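After this come two complexes, each holding chain A, first together with chain B and then together with chain C.
So, the complex of A and B:
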């Protein structure tokens, strides 16, 4: 081959590929990846039997009654949790944001508080609140409120920073104080994006509230957990169907709301149209209804004792005692070694799961295949990871590989859809040019379309990896190894000092992954 | 702007909710004397626990003259916390859960939890090791296999089997390929029957019940080892419950007579020949085992 024909980037690509292999190999080892067991006849029979049990779905009246109640509860938990998250997010976002300040200083205290709120998975918050406030939806609402409050606050702060700062600056120079400058200078520009993101988060909250049921926080998840534990396929199938309908409906509704935001307001003097008025009313009614349906008041949070004062004091004391038990965390070398192994396993589950999902997602998103596969994509992503993990554990046995597969299945659905959109939006010219020059379709795709879409694909994959590390940390609750199993075990035994080390490890791991992913995104740009 | 209006509405709505919630009266605080709040560790499926408790609940209502409310839960530790925070009055606890409850409630205003009665069977309880794998014949064969315990804080599904495994020279974390916690005894059987775990351990009483009810295929899943006997389950009351009520409850359990057809049904559902008195010293052995197995620090 002559010098000119050679790929000028060959050397760096080779080094990159080798480095990837060196880094990934031990991770694949730690995740105990053994594709062979997937096709083991014994395992295939087991999972076949379980899936055959899905038919017919359970339709007994008593069960459907439970199901209806649990579905309402899930909706109410998501809505009430979002209301709480909003209450947390507004002041926190205001404090954390550099928007509307004279100098763009950030508030490090609020920022780190937000990182802690977001970094600890909602399932862990739920598990802790279940202990403090007793079983039931209150724990789920609080857990959602805290994690989503953290996320909303961060995104609100960033949205406000990203819009044109000139109007706010002008207002401030004319003597307006910061809240007014933000309210009249920034929010009008950002309101659509803010509202749209909030609605999107509500949709996520519905999925999350299902997952929290796995630790006893009520709703569909609790039913699902029981059905899955008993390997009752018929019940599992009905719950899964109900859940998918709920997710699709929420998806559709939030899409409609977001589109509604895109239509310009009617040309009239009063800002109150039937739509904003109706929506506002519906919002208030649904929030009030959610709280009252869940019967959440202070009274359910506090102990029922003989006298009012002693009740409050005692509840505060018992919560204080509970929280104090978590300090100081156990930092003995022996325990740290165990946690270290858990971290490594969790990291491996998240990396392997995301990579497998990226490959599967790309295949599912290939242009020619897409139409019949969109249903498959939707099914894959509407089944939560924890449910997939129960099924994959049957297929490959308990352990990290089951967790990685569960992540891969769910994420493949999400990434497939995102990839398909990115490929659609990639500039068509290079691919067409190659095809016109006589290149076969595959080459035109690989060298024409794919490079154009690659930055977007990589960004989506890294973003999902950030989500997956949080999920990998909790998959252990259903026996898929990693930090989750350690945490479940220690919390069950009231070993709070040890549990607190695990929670800190989860937090550090998710922060580290966020940083790594941000760095990778920059490096690959 | 339409949506800043919406946002304001949302904010006021949520604030109003919070205010209403905060101001709502604390009425149930006075319901203590008329309602007996009962719960149980979720060692079996919650629906099964409720079915099992129904006739006993009616009997206790008749004996105490109080309304009996049973709250099913899905978490062992939550039952212990509920006793400590006085959210329940009477609880069906495992031996180890009782030890945890005793330690958790010592020196609190809720008073140290008191065990009042146990089934005759609980004084010589055992756990069964089960498998569907023909190559597993003795405990030592478990090396390198996947293994399912019940809940981590279960006495018969986790603590005592772990203790006896340790005495047989096996360390679950080191010697087993993977350790899973199914969460409940009947779930452990489902795990092993489905091949999700190669072997598992559960409480002998639940195993016998599943075999009698033909809910397990004994051609496939078999018992290959049984633990020595130990003290297990009891009914425990909150330490600061009215002593007269404690006496009434204890008598109610002890009075259950297999010769009486109505009582017979209750006893059968509880899988008890009869109830006998118990004391906290009965569980000292479990506390020692828990320390030895590293489950108590």
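So, the complex of A and C:
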């Protein structure tokens, strides 16, 4: 081969592939990937017996009663949590956003507070609140409210900054105050995106509140946890079915709501019709109903009877002591090394899980196989990672591999659906042209369709990986390795100083992921 | 015989009749230009020849394959002998030029070679030779989204040159190129067809380009063949009759009809409303 006919990209490709191997190999080691364990006869027997127990699903009246109660509780936690999050998000988003300001100032205090709120996973908040307020839904609501408040505020602020600033600036130059300038100049442009994101978050909140039961914050998760601990397959099956119905219903409802946002306003003085009025009423009713169902009354916090005083003082004192226990964090070299290992394990779980999911998701998204497997994709996706982790832990034993598998199962469902959409949206002409030139279907796909969809596929995968790092940090709560396992142990042993270090590590990891993904996105552009 | 259409009709699923009763035959090595107003059925005719659409009536034989008795395996074999040049080049933007050109032979290569070429292009010399003929050898390892529209169109032509088909179908191959480049490209296609004894069928918008370069001119109008004559026998009244629906002027290279694009029209309307 003459020198001129050598591919100039070959060297960098080779180096890239080698670098991949060098990075991935230790990560796979750290995640303790042992495919053989999946087929270990002993494990197969345990999981086989457990799955066999799924049939028939438990349909006893008493259990169904519990299930209905837990489902309502889950819905109520999600709704109440979102209401709280909204209350936090609106003022914080207003403060943090540079929108409508004459000079773009990023309010650093609010911004860093928001980072802390959303950087610590809701499950960790829940775990802490359960210790403060005792077992029950209040911990779940507070945890959801804080984390989602942080997320909503950040996204609200960013949405308001991303729309055209000129209308608001013009209003301000005409003497309008900042809030009014935002209401009249920015909200009309951003309202659809704001509403749509809020609805999407509510959908996520339902999934999250299912999961929070695992740390004792009530709802379906708590029921699932009990069923799994007793290896009661029939009950687990019924609860899983309830999960799926709930998630599908929320999915459908939020889709309908988002489509409804597209309808143009009616031609009369008030732009609100029966649908918006009805929805508004339903929203208020469901929030009030949620709080009263969970028996979290503002009253009980505000009406302080004389006999109550000492109790409140006592409670405040114990909370204070509890919080003080977290400071100062344990920074001994020995403990830091352990936390470092936890971070590495968490990273390994997320990378392995996302890679497995990307491969499985792509296979399931191929047009050839999509039709028979779309139900499978939806099922994989509707079961939260933490629930998968309880099942994979049975199949391969406790440890990081169980976590990676759980991530892979859930993420394969999510990515499969996103990939399918991206492949459908990829320009069809190149693949079609190759097919007309006699290329076999598979190669027409590889040479024609895939390059068109690749940027989208990569972006989706990176985005999921980002979410999976956060998720990997808490999968350990059910014994699937990483930082979560560390935190769960230390909190169970009341080693608050050590737990505090782990929480800080989670926070730092989350911030690092944010920065890294922003950098990657810029680099890919 | 290169192809023979015998009473071919094409009715789309929505009931639109794109072709009716088309009789057209070509010998190996002929060079045919299809002309006619837009919507006349030039693209449909090329689609039938390229096996993209099966005729709903009549018989189409292409390169000795009887279209009405096609089996999938046979169609694949037939298609490797047909090269298509499209109005907008169907090439993914993030693909490298070398890969886009090599993709022309996917139907002829064994699977291992196609797979390996995704990682390391296995016939760089062949791709370079094809690109040299369209003056793009220096872009061999560039990414397609770094090229201009005209360059990308020439990559699409290089792919067909690399494929070495027996039948070349070109659907408005030069409508995106400037007049000089358009002429050079048409001449390149004709030279290629001549050198390899391949048949060339090109639909063209510019009448002068067709008559000046092709030996045989087929006028298509409203789904049927209006005339089928040697270039020397095509007269101006005949052309005016063909393009009657598009006004008095004949579409030629020198002054291509300019249509106001939608975006530009909107902009003008906005400006009018503002001031």
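The criterion applied here is as follows: the second predicted complex is superposed on the first by the 502 of 525 C-alpha atoms of A that agree within 3 Å, B and C clash if a C-alpha of one lies under 4 Å from a C-alpha of the other, contacts with A are read in each partner's own complex, and residues count from 1 in each chain.
Please note the rule applied: contacts are C-beta pairs under 8 Å (C-beta built on N, C-alpha and C of every residue); 3 or more make two chains touch, one makes a residue touch a chain.
A quick note: this is a predicted structure, and the numbers were derived from the prediction, not measured.
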item	value
Fit or clash between chain C and chain B when superposed on chain A	fit
First (chain B), second (chain C), both or neither touched by A:222	first
Dominant toucher of chain A (residue count), chain B or chain C	B
Touched partner set for A:192, first chain B, second chain C, both or neither	first
Chain B versus chain C as contact partner of A:436, first or second or both or neither	second
Touched partner set for A:231, first chain B, second chain C, both or neither	first
Which superposed partner A:491 touches (first chain B, second chain C, both, neither)	first
First (chain B), second (chain C), both or neither touched by A:327	neither
Which of chain B and chain C A:280 touches, first, second, both or neither	first
Least C-alpha distance (whole Å) that remains between chain C and chain B when both complexes are overlaid	25
Chain B to chain A touching residues, read off their complex	1-7, 9-18, 20-22, 24-32, 45-47, 71, 73-78, 80-82, 84-87, 100, 104, 108-109, 146, 148, 151-153, 177-178, 180-184, 186-187, 190-191, 194-197, 295-297
Residues of chain C that touch chain A when the two form their complex	50-52, 76-84, 86, 88, 90-96, 98-99, 103-104, 106-108, 111, 114-115, 118-121, 124-125, 128, 141, 163, 165
Chain B-touching residues of chain A, taken from the complex the two chains share	42-43, 46, 49-50, 83-84, 86-87, 90, 130-132, 134-135, 183, 187-188, 191-192, 194-195, 215-216, 222, 225-226, 229-231, 261, 265, 271-273, 275-276, 279-281, 283-284, 287-288, 291, 296-299, 302-308, 311, 314-315, 318, 322, 393-394, 397-399, 479, 481, 485, 488-489, 491-495
Contacting residues of chain A [partner chain C, same complex]	2, 5-10, 13, 427, 429-430, 432-440, 443-444, 446-452, 454-455
